[in-house]
């Protein structure tokens, strides 16, 4: 065990750090939004979107209005509480609580009013996945298991809050999806209908990306910025590409830059690295002669490249 | 809070959506398989495979038969319940429940009878990982921590159920592994013994892939289809490559196409992009001259490529 | 249900496997370290590092010493218990328990004494992320949500234990971060201050990597070994690159080999594949002419490449 | 640890017992009702009866119909599942499951249809408690804290199921209340409105007791049978007393026998022991001269009575 | 399942009840105190009072101040939140929240300042139990297991809040003890030091009881009111007896009435029923000749009294 | 919130108390037995005794030996750990741990070897309850719900440990039953077969009580000591009565004193208060003329006795 001196020394060091940095102090009387609660809200929204898949509430029952109405009432409380906390954290101290509550109320009503529309989008996303993946046996399998659909669901919910400038919460949501699927869609991105991400691990879709309808994306695709070395100076500038309708982007392709536009119906091959616009209907592929083939020697030493 | 009108409007919208789509209705009197339960089954199977690592049941005790027998009896109940649910979901309504129960019973008995063999494979997979990774200090570390082994364990279990055409459940299992490891092995793939995946994030192994013995794969490797634009028409066609014995595939290499065969003992270099077969004993590497090197200017503007 | 014969046959098979392999037997009277407990310790350390973010303990209260002191005392018990278990697992049977306890105690005191310093590093890592990402709205968002910061936090804690040669536990910690972020930093790597990983999925940083100050890394970057086919023979040899101060490495670049040095202030472009050293101040980019562009035909057959 | 022989000996003994007794064998393919589930159902019914007291569902919200409707739908599933199990346990094996399901359905619909009436009774019971106890500060305190009200609530619910001859479940419910309050009301008893039990520990109200309106009972009161030595022969015979309207029974009084009637408006004093009927308007008290008073001696030996 | 009509009929009935009764409506924007939270606070106070007995916090550690200080800070938040809720529930709507917060703060500080004194009382209560019960093997057994001590602990905590006129919460606390021990001590009672209750089931100690030092009470003892038929009119009048120092009251004795005083050092025998004062030093016992003994007949019929 | 001074003042007071009392200090490096764990052990023993009633383990399965064997192995670990802790707490510091472990091992093996016998007793106790209670519909109802059976089960387990002089644990067990049933059976009592307690609340059975076969006891019965004022001096002396075979004791009867013997086949009436021996075959009842009956006056004042 510690001696008394060792222990109080350690405690001293850490509390000293607290004093020296603003990020450790949270405004008195207020708490930060609660990550677990936000994720829980999201998962319960998913239960409303797809009843019977993620809980034991199925639609063979009488009067589904009770199920939906009850859950929306409860979610209202939880979500408005989190949104209020988030606004208080980022607002100047002299903004009256009443004002924040008023803003929160408006946002919540708008948000819940958009759920029906989000649900319609998701039904189309399921369809896109079913049509796009020969390994999919049923639509149920997609709803139940596909990480791509989870990521898109979370994005569609988070994007709604992002549009209303709710701080922190959209990002907490999208990082939940990122963590569970390896798909990192910034809630600021704008994405059309019938969107499908297959496998998905390593996909990055930046904040100012615009994606049209009926777009299909594979694992490892980056829709990114050319460079972000200028840091916070670039905020609010379009840094990420535009992908028009009916485009397919195969695995590990990178498409970078705010002015880069991939024209309608184009197909971008795997591993392609693109920093300039591509006209509609173009098929872009990595050229073949980039590889070299050698017959392996009988025995290999440690220092050899690639084995 | 909502006005009464707002609330009932929102509820209306969502319940309207329910009515318009088949996917929201689950057959009366039946529930979907339970994702959490399936994952729990899988984790308890892992406890039987590697006693003492993931629970407090260790093998210094008298009569290990009690431990194994008791747990298999309990898992039988849980698994057969889930399999039955899965079959009911995908079967026509007029198939009698008795018939489904009979089929489920047969599958369960076969499945549990295969556990001993799966366990033997896993012991070899641990060995492959230990021999293949200089950073591995002990075999225990591999069992305990290596995401590659988790993914292979899940695959070996899920593949057994896939072979017996159990719906939904193998995919739920493999997506659990995908979510936790970033490794996406379709349960339909056929994989030999002494298989090792290092690091693993971003690995994709498609449904019709065939992998021989003693194969080693690194993070970001795709064993994929050339194209899946034809969607459900491609179902049951071999769309993914064949990897023969003793092949090593380094990070982020892509090997695509159902006719593509990587011959015995070949080594595929990192980032290689391969759509044609490679003869046995070949070393394939990305050619060097693809990069350009510039001395950086003193100052950089936002619009420059790569910084 | 099983017949009695089937069931005892299955049990027989598995218990037979137990007998044939050393890895199933854990030393009598001792248990393995507990994965959940270790992860819990780590998450509680994070609460001390960033009070108010991950629990309801905020610093507006009187006398923060109580909070820190109490938690460190409790963590001491839990951590020392796990470290002791880990040492017992890997030590020869004749080492007296007292000796292991003595070693454990010294390690714990050193570890807790380093927390203040780790915390200072983390504050700088937050700063690096804020300055480096135009999508970051506030420093709080980074602490709360950024997977890169989680991975670095876990690394900094695990590295401290790695340096003191604690078995198993650093790896359990780093695989937790790997699973949640897709970022795989071996606890043996040496990493300077102001480190930032953006998006992060697919990043691999090998055991003998050395990274200077103010380095920025994007998703999919591999800092790896050229080859590990020689397996355990390579243990303790420097197999991974050195990255000097102020280097930026864009997405999916691979830098391989123990002798490879990326000189100060260099910028490595996305998808670059590097196996030789790069002098200071170099900008390395993938050459443009590697792609080919075709106008798509009107109709497509299944067998065509890339669609 | 056990030797192999000791362990298998112990196991042998217990499994031998199993074989010798019917009570250990439960009909194949069926499980017993689930105690925890039944208690949970009861507690959720209490939340419907008194919204806002035992969960966070309060009635300031819009459209309380959603709350009630949703919860009743969910409780229907749970309760009908438990009732079905209970009937299967006690029915001959040749009764078809369909028939039991039909009966269960009817019972459930009746039961839920009686909830509104039960709720009205409970409101009156709260009133009786408030008026009857000078220590009660508010009606809320009674709903929140009074064990007497909990016991009456459970009784009123369980009695409804008892009337419809549901096996096992009413008793499981009443024993829950017994355990938490020390008040043992057999679900078969018939109890009028405005019933109040103060303190309550030790109260026993037998199966064939009849209690009128506006009756008040204190701790330790027994409304019991004269003798039950004849055991199962007495089943269905009225063995417990009748208490008419407006009666008060003070603490630890015993009223025994199926023919014993306590007439309207009577008051039974504490500790009274009554085995014969009492006419209306009677005040019964324990006579005073039953005690003896002695001045204590200066010193006391161990063998003295009462000190 | 319900028909739509049945279901909405049931819902209608219950929501109609809601509208007709005040007790169902809780003031808008406020919630009731949380029973589980209050009980949790109480149990954590017990951990501070007796460290090491009810959690794993023992006093062999360095610097116990950290343990105590940290826990008091956390309890302050929880308790003040509950007290505030309780006051809001019972206050007129026009009392400003600030005022309630101010009052709550004062109460909390007083309450926590009294903990040291409560703890000293409890140490003496343990001593009284150890000396008073020959079945007690150690003082630890008393702290760990004795329901009497639990009831006294809860009383001493609840009484402190009762004195400061905190609504609802003291009663919630005392009913917790009542439920777990069968001992019902109203938090308004005044009880001196060295108090011991043996066995305890059925003990009732009324709101205006006064108990001196070194008093010992057995199971089933009632310290009650003569009559409470006048209900709320009796509020705040002394209705329960006074028990002076060094009195012993044996099992099932009843002592009733606000003017009844049991003088110093008296001993009240089991089953005694007392409604008048008893002078100091008196030994009161139930007279012997109250029983009749019969030799039992050979055979017994159902209708016989007492068998 | 507290000022710094207030807070540290409170902390000071409590830590000061810690220093002044031995009972707060637990031997270094050792923890107390864990109440929750002990109760959990007991409940799992009940699952072995009555499979299918309190968990989902039913005996329609193949090979019940697996169920029993597995659970006994796990319980062995948990129980021996608790017993060891209990011995360490009460032993002088210089007793070597090895010795305590040896003693613990012997006790555990004896204890588990007695389970089969305990189970046989319990089967008889169920039979006694079924035959003795006309309200019992089935034997299952008794196992499932009857508090009397729970109390007897706990007693039979705790008594086994009491006989082997295990400290603390038997009492923790019996107080669990006391809390849940209101029945307080000291684990030291000796109780024969076919024992039945009906209703049970308030029953007290003292440490040195001896009870024969086929005895039936009702709620509120005390089998107690005449006086315990001499406290610890009385330890190990027979202070509680002897009840011979076939005796029935009706509700709230008290039988006191170590020399008091209730002879075979006697029947003790409700509320009887007995301090002398009763010959075999005696029927003891409370005499009738102890009550007085008055016609109530029309109106009542507050000061009247009994209303």
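A, B, C, D, E and F label the chains in the order they appear, each numbered from 1.
The rule is simple: contacts are C-beta pairs under 8 Å (C-beta built on N, C-alpha and C of every residue); 3 or more make two chains touch, one makes a residue touch a chain.
Predicted model only: the values in this text are computed from it and were never measured.
Asker: Following contacts chain by chain, what is the lowest number of steps it takes to reach chain D starting at chain B?
Answerer: The fewest steps needed to get from chain B to chain D is 1.
Asker: More C-beta pairs touching across which pair, B-F or B-C?
Answerer: The comparison resolves to B-C.
Asker: So, what's the distance in Å between the C-alpha centres of chain C and chain A?
Answerer: The separation of the two C-alpha centroids amounts to 23 Å.
Asker: Quick check: how many Å separate the C-alpha centres of chain C and chain D?
Answerer: Chain centres of chain C and chain D, defined by C-alpha means, are spaced 58 Å apart.
Asker: What parts of chain C, by residue number, touch at least two of the other chains?
Answerer: In chain C, residues 1-2, 7-8, 11, 56, 61-63, 65-66, 68-69, 73, 182, 201-202, 220, 229-230, 233-234, 248, 252, 270-271, 286, 290, 305-307 touch at least two other chains, as defined above.
Asker: Taking the top-of-page definition of touch, could you list the pairs of chains it picks out?
Answerer: Inter-chain contacts occur between A-B, A-C, A-D, A-E, B-C, B-D, B-F, C-E, C-F, D-E, D-F, E-F.
Asker: Within their complex, state which residues of chain B touch chain C.
Answerer: Interface residues on the chain B side: 48, 50-54, 56, 58-60, 64-65, 68-69, 72-73, 76, 105, 109, 112-113, 115-117, 119-120, 123, 126, 130-141, 143-147, 180-182, 198-199, 201-202, 218-220, 226-227, 229-230, 233-234, 248, 251-252, 270-271, 275, 286, 289-296, 305-307.
Asker: Which chain D residues qualify as touching chain B in the complex?
Answerer: 1-4, 7-8, 11, 61-63, 66
Asker: Show me the residue ranges of chain F that touch chain E in the complex, using the header's touch definition.
Answerer: The touching residues are 1-2, 6-18, 21, 23-29, 31-32, 35, 89-90, 167-168, 171-172, 175, 178-179, 182, 184, 186, 188, 201-204, 206-207, 220, 222, 224-225, 228-235, 237, 239, 248, 250, 252, 254, 256, 265-267, 269-274, 278, 281-287, 290, 300, 302, 304-307.
Asker: Give every residue of chain C touching chain E within the complex, in rising order.
Answerer: 56-57, 61-63, 65-71, 73-74, 77
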